[in-house]
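Next up: some structures, all given as C-alpha cells.
The two complexes that follow have subunit A in common; it is paired with subunit B in the first and with subunit C in the second.
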Partner chain A sequence: MLKKYFPSLGVILAIVAIFIGLPHFYDNQSFLFNLMLYLALAEGLNIIYGFTGYLPFGYVGFFGAGAYGGAIAITLLHISPLLGVLVGGVVAVLTGVILIPLLRLSGAYFAIANLAASQALYLVVANPSLEKITQGPYGIDLSSVYNANAGYFAMLGVLVFAMALVAYLRNSNFGLSLLAIKEDRVTASLAGVNVIRARSIAWMLSAFVAGMSGAVFGWYTAVFYPSTVFSLDVSVFTIVFVLFGGIASVAGPLIGALILYSMYNFIGISTPQYFQLFYGLLIVLLVLFLPDGVVSLLKKGKVYVP
Partner chain B sequence: MSIKTLKTFFVVAASAVLFFAAVPSFAKEAPKVITIGTLYASSGPFATSSTSQYEGLKFWVSQVNKHGGVFVKAFNKKIPVKLAAYDDQSQTATAGMLYNQLITRDRVDMLVSDFGSVLTSVAVPLAKVHKILLFDPTGTAAKFFTPDNQFVVLCSLPTSGIWPYALADFLVQKKIPRVAIVYSSNDFNQSQAVTLHDKLVKAGINPVYYEAVPTNTSNYSVLLHSIQATKPDAVIEFGFVPNDIAFLQGLQASALKFKMVFTIFPGQQFDLIKKNVGAKALYYTYTYPTPPLLKYSDINYGPSLDKFEKAYKATGKKVDFLVVAGYNTGLIMQKTLETATGFDQSQFRKAVADFSGKVKTLDGQFEVDAAGAQTGEMLPVAQFVPKGAGGIGMTIVYPKALKTGSEVYPAP
Partner chain C sequence: MGDLLTISALESGYGLIQVLWGSSLSVSLNQSVVLLGVNGAGKTTLLKTIAGLLTAWNGKIVFDGIDITRAKPNKRIAGGIGYMSELGIFPNLTVEENLKLGGYFRTEKQNRKRAEDMYEYFPDLKEYRKKMGASLSGGQRKMLGVAKTLMSNPKLVIMDEPSSGLSPKFVKKVVEVLKFLHEREKLSMLIAEQNVSFIDFAQKIYILDKGQVTFGGDVEELKGNDTIRKTYFGISH
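And then the complex of A and B:
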C-alpha cells in the first residue's frame, strides 16, 4: 500500500538533502530561498491546475494574502513568525473560500476572473484607509523578527508539505477523482465523484500552500510593499515553471522550476540583455514541441515519473 | 627561568600586543582593488531613475580610477575601484537575491543600493545581517533608519518625512490660510503629506483639503474640481513623476487657477517634465530644487557643480539630479575610505559618523543622525518663472540663506 509512495518519497528526500546541503557549498542563501519558494508555488499551483485543470492567473492573490495575513498576525497579535506562517496559510484559505464561486467558471473565463480577483485583493490591501491594519501602500516592516536562517528552513518545510500533498494526490483515490474532474466534470459526477466538494478542497489546499509561501517570503524579506507580494510576475513565473516541467506529478513542477529559475538567475546575472530573448524562445519551442512539459519526454521513454 | 629573563619576556610580549593593537590595519594586506557592489534596473517602473543614479556612480568610479584610484587611509595608499553591478529589472525578489550575491559570492567591500525605497527595502535587512555598511543613495523611507541598525547610511537625500520642512515654513511665513494637499498613497509621498499637514496645523493652518489618491492615478481633472470647490489659495501635490505630469497636464487642461501650486519632481527631473507638460504649465509653480537646478556654495569636498557638469557632459550625457545623487554616493564612500583607520565595516561606519556634519559636496551638507538618516541636506522652495521668449527660469524663494529672488504670489 505504502510502496507506491516510495518514488515520491525519494524525490522529497532528495530535495530536502539538496537544500540542507547546498548552503554549505553555495553562499547565496537568497537564491536558494527563492528557488524553494518557486518550487513550493509550482507544486501548489500543480494541485489546482495539474489535477483539476483550473488555471488561476491570479494565483499571486493567495501569495499576497498569505504574506499580509502572516505579517499582520505577527505585528498586531505579536505571535511567533512560525505561527504567522500558518496564519498566512489560513488567511489564504479563507480568501479561497470567498473565491470558490469562481470555480463555476472554466477555461479563460476562470483565469481572467481569478486575475481580476487578485488585483481587487491587492487594491484592498493597499488602500490607505486600512493603514492601521495593513499599513496600506506604505509597506510592512517585519525587521524586528527577521531571521534569515529560520526563514530558510521554514520555506523548506513549506516545500516539503507541498510536495507531500502532491505525492498524496498522485497516488490516492482523491487525486484520481480530481483527474477525473479535469477530464470531464459531468462524467466524473455521474461516476460518483462529488465534483464541487473535491475541486473546492483542491482549491483550498492550493491556496494554503501559496499562503504559507507568501508568509515565509514576507518574514524572510522583512520589509515589503503590496506591489511586491501582489506582483503578477509571481503568477507568470509559477505558471511557466509548471507548464515547462509538466503537470500532475511531483517531479514535473520541480524540474520546471529548478531549470527555469536557475537559468533565469544565471543568464539574468551574466547577460541580462539577452535573457528575455532566450527565455521567450525557450517557451515558444516548449509550446510547439513539448506541450506536456519536460516530463513527457521521460514518459515517452517509459520512465516512471513520481 | 630567571627574573630577568621573565621580565624581558613580558616586555617583548607587551610590546608585541601594543604594536598589533595600535596598528591593526597594517596587519591586513591591502586589496589590489576596492570592489563596490550595486544594482540597477534596466527595465521596469524604476528604470529611468535607477539608470541615471547608476550612471552617476559609474562616472565617480571612472573619475577616481583616472587618478590612480581612491585613497584608503587604512593602507595609506591609493587603490583602484571596481564596480560589480547587476540588473534587478525593478523586481524586489530578484534584487534581494542579487544583493545577497554581491555580499556572499562577490564579497564586495562596499555596498550601494539601487534607486528608491522599494528596491532598497530588501537590502536593509541583508546588510544588517551580514554586517556590511549599505550606502543608500535615494531610499528615503524612515523605517530603514532605526537605532538598532548601524549598517545603513542615507547619502544623497534627506528622509522623505523631512523634505517639506522649508515648504511648511514658507507657507506659514507667507500666512497662506487655505492650503489643499493631495498626495499619492505610497510611503514616500504620505510621509511628506503627514509632515506638512502636522506643521501647518501646529501653526494654526488647517488644510482645507487633505486626501490620498492611488499612486497609479493618471487623471486629476475630477480631483482638481473637488479641490477648487474648497477654495484653496495653495494646492500642494505630492506624487511621483507620472503623478506630477498628470497633475500639471490636468491643471493646464482645466484652466483652473490657484495662487500657488507645488509639485515635487520638476525640481529633480526638470527636462523630462518640461518635455511632457511644456514650459507654460510650469510657469509660477513651485518645487523643491535639487542640483543641477540648485547650486551650493562653500563646497569643501569633491568638485563644484559647474566642474562636475562640465566633466560629465564630456561623456555626451545630460546631468539630472539622480546622476548627481549617484555621484555624490561615490564621494561619500571616497570620504569614508579616506577617513576610516581600519578596513572593515565598523570602521567605515565610525568614519561616516566622524565626518558627518563636516562635509559639503555638490549635493549639499552631508550629515546623518545616529541611525544613518540624512538630516543635513535640506530641500528649499523654488518657483519657475518665464524667461525670454517661451523660456523658463527658476528663482529660489525660501529659505533666506539660499534665496535668489522673491516669489510671484499670487500667480498671475
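And then the complex of A and C:
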C-alpha cells in the first residue's frame, strides 16, 4: 500500500538533495532560501487551491501572520527561533480558523473576501497604537537571534513538510475527497464526504504551511516590516507559480516555482523592463495553450506525475 | 413493520417556498418503489430531504429503525443510503476514482472487490477505468452514476430521474439494467421518475402531485385508476 507513495517520495528526496548539495557549488544562499520559500508556499497554496478549488488571493495574510506570530513570540516570550517557527504556524492556523466562514463563498467572491481579510490583517499589524506588541509600521528586529544557516535548514524542513502533506493528499482518500469537493460539493456530500470538515482541514493545513514559512522568513531576514510580509506580491507570485506548474500534484507547483522564480531572479533583477514583457507573454501563452500547467504536457504523454 | 424507510407527513422546501405539503410513503426491504410525478411535483425536493441536502420543516423520516430527520447528509450516507442525483458523477476524476468515492466509507479491499462486481455489470466502465468521467457518453455516465452509488453496498438506493437526458433507446437500457440489478442484488430502491417505463419493475408506485402523495399502490391498481391513466398514459400510450 505504501508503494503508491514511492514516486512522490522520489520527488521529495530529489528536492532535499538539491538544497543540501547546491550550497557547496553555488554560494548565493539568499537566492536558494527564497526559492525554497516559494516552493513551500506554492505547495501550501496547492493544498487549498489545487485540491479544493478555493483561490486564496489573500494567502499572504497567513504568511504575514506567521512572520509576526513567530517574531513576537521570539522577542516577547524569549522562546527559541525553532519553536517560534511552530508558533508562527499555529498563529496562521488560528487566523485561518477565524476566516473559515469565508469558505462559504465561492469563486471570485471568496478570492476577493480573502484578499480583503489579508489587508485588514496588515492594517491591524501596522497600526502604530499596537507599537508595544507589533512595533507598528516600524518593523521587527530579530537580529539578536539571527542565524542564516539554521534558518536555511529550517526552511528546508518546512518545505519537506509541505511536500509530504501534498504527497499524502495526492495518494489518499482524504485527498480524493477534497478533489470531489472541488468538482461538486453536493455530489461529494452525497458520496458521504463531510464537506465542511474536509475543506476546513485543508484550509488550516494550507495556513499552517504559510505561517511556518512566514516565521522562518522573518527569522532568516532578521529585519522586516509589515509591508514586506503582507505584500500582495507574495500571493500573486505563489498563485502564478502554482498555475504555471499545474495543480493537485506534488511536482506541478515545484516545477512552476523553480522555473519562474529562477527566471525572475536571473532576468527580472538585472533587466526588469524585458522581464515584465517576457513574464506577461509567458502567462498569456500559458493561459491560451496550457491552462492546466506545464505538467499537463507530461500527463498528455501518459507520464504519471507524482 | 418491515419498512426500511418510512416518511410521514413530510414538509419541506426552499427558503420561504414550501414544496412538500405533508407527503408520506414507505419502502420495504428488497422492494423497488417508483415515485412518479411531473416536473415541479416535488420529486427532487422529496429525495433531497431524505438525503439531508434540504432540512425537513415538519414530519419524520425513519430509516432502518432510526429517526434521521435531523441527521447530517454524510451520516445518512454512512448509515446506508445511496443517492444518485441527476448528474451524479465527477467529470474531472477518472472512472476508478469515481468508484472509489462511491465507496468512501469502506476499506480499500472492500472497494476493490466491489469495483470488480461493477466492472462485471458494466464492461464499458472497465475499459474506461483510467479515463475521465467527462470522456464518457451520456449513457455511460449514467451507468457510472449507478455503479458509483452501488459501490457502498447501500441498504437503500435512491435515484433522481435516471432517465433524464437520455435517448428513448437508452432509457430502455437503463430500465433493463435497474431491473437486473434489483433481481441480482435484491436492492431496495426508491426511484423518482416522470417516465412511466420505469414502472416495469416497480413493486410499488407512488404518485406525487403538487407536493402531496396522491396515489400509492401496485401496477395493477395504478392502471385501474382512471385519472392517473389519463395523466400518465393518456396520449402516448
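To be clear about the criterion, the second predicted complex is superposed on the first by the 304 of 306 C-alpha atoms of A that agree within 3 Å, B and C clash if a C-alpha of one lies under 4 Å from a C-alpha of the other, contacts with A are read in each partner's own complex, and residues count from 1 in each chain.
Following the convention adopted for this analysis, a residue touches a chain if its C-beta (ideal position, glycine included) is under 8 Å from a C-beta of that chain, and two chains touch if they have at least 3 such contacts.
All of these numbers come straight from a predicted model, not from anything done at the bench.
When the two structures are aligned on the shared chain, A:S177 is found in touch with subunit C, with no touch to subunit B. In the overlay built on the shared chain, the residue A:N194 is in contact with subunit C alone; subunit B does not reach it.
In the overlay built on the shared chain, the residue A:F31 is in contact with subunit B alone; subunit C does not reach it. When the two complexes are overlaid on their common chain A, residue A:T221 makes contact with subunit B while staying clear of subunit C. When the two complexes are overlaid on their common chain A, residue A:V186 makes contact with subunit C while staying clear of subunit B. Touched residues of subunit A were counted for both subunit B and subunit C, and B has more of them.
Residues 1, 173, 176-177, 179-180, 183-184, 186-195 of subunit A are the ones that touch subunit C when the two sit in their complex.
Within the complex formed with subunit A, the residues of subunit C that make contact are 51, 53, 72-74, 77-78, 83, 85, 87-93, 97, 100-102, 104-105, 108, 148, 152. Of all residues in subunit A, those touching subunit B in their complex are 27-31, 34, 123, 126-128, 136-139, 141, 143, 146, 148, 217, 221-225, 227-228, 231, 233, 265, 268-269, 272-273.
Looking at the complex, you find that subunit B touches subunit A at residues 42, 86-87, 89, 91-94, 96-101, 104-105, 117-118, 121-122, 124-126, 128-129, 141, 143-144, 146, 149, 185-187, 190, 212, 214-215.
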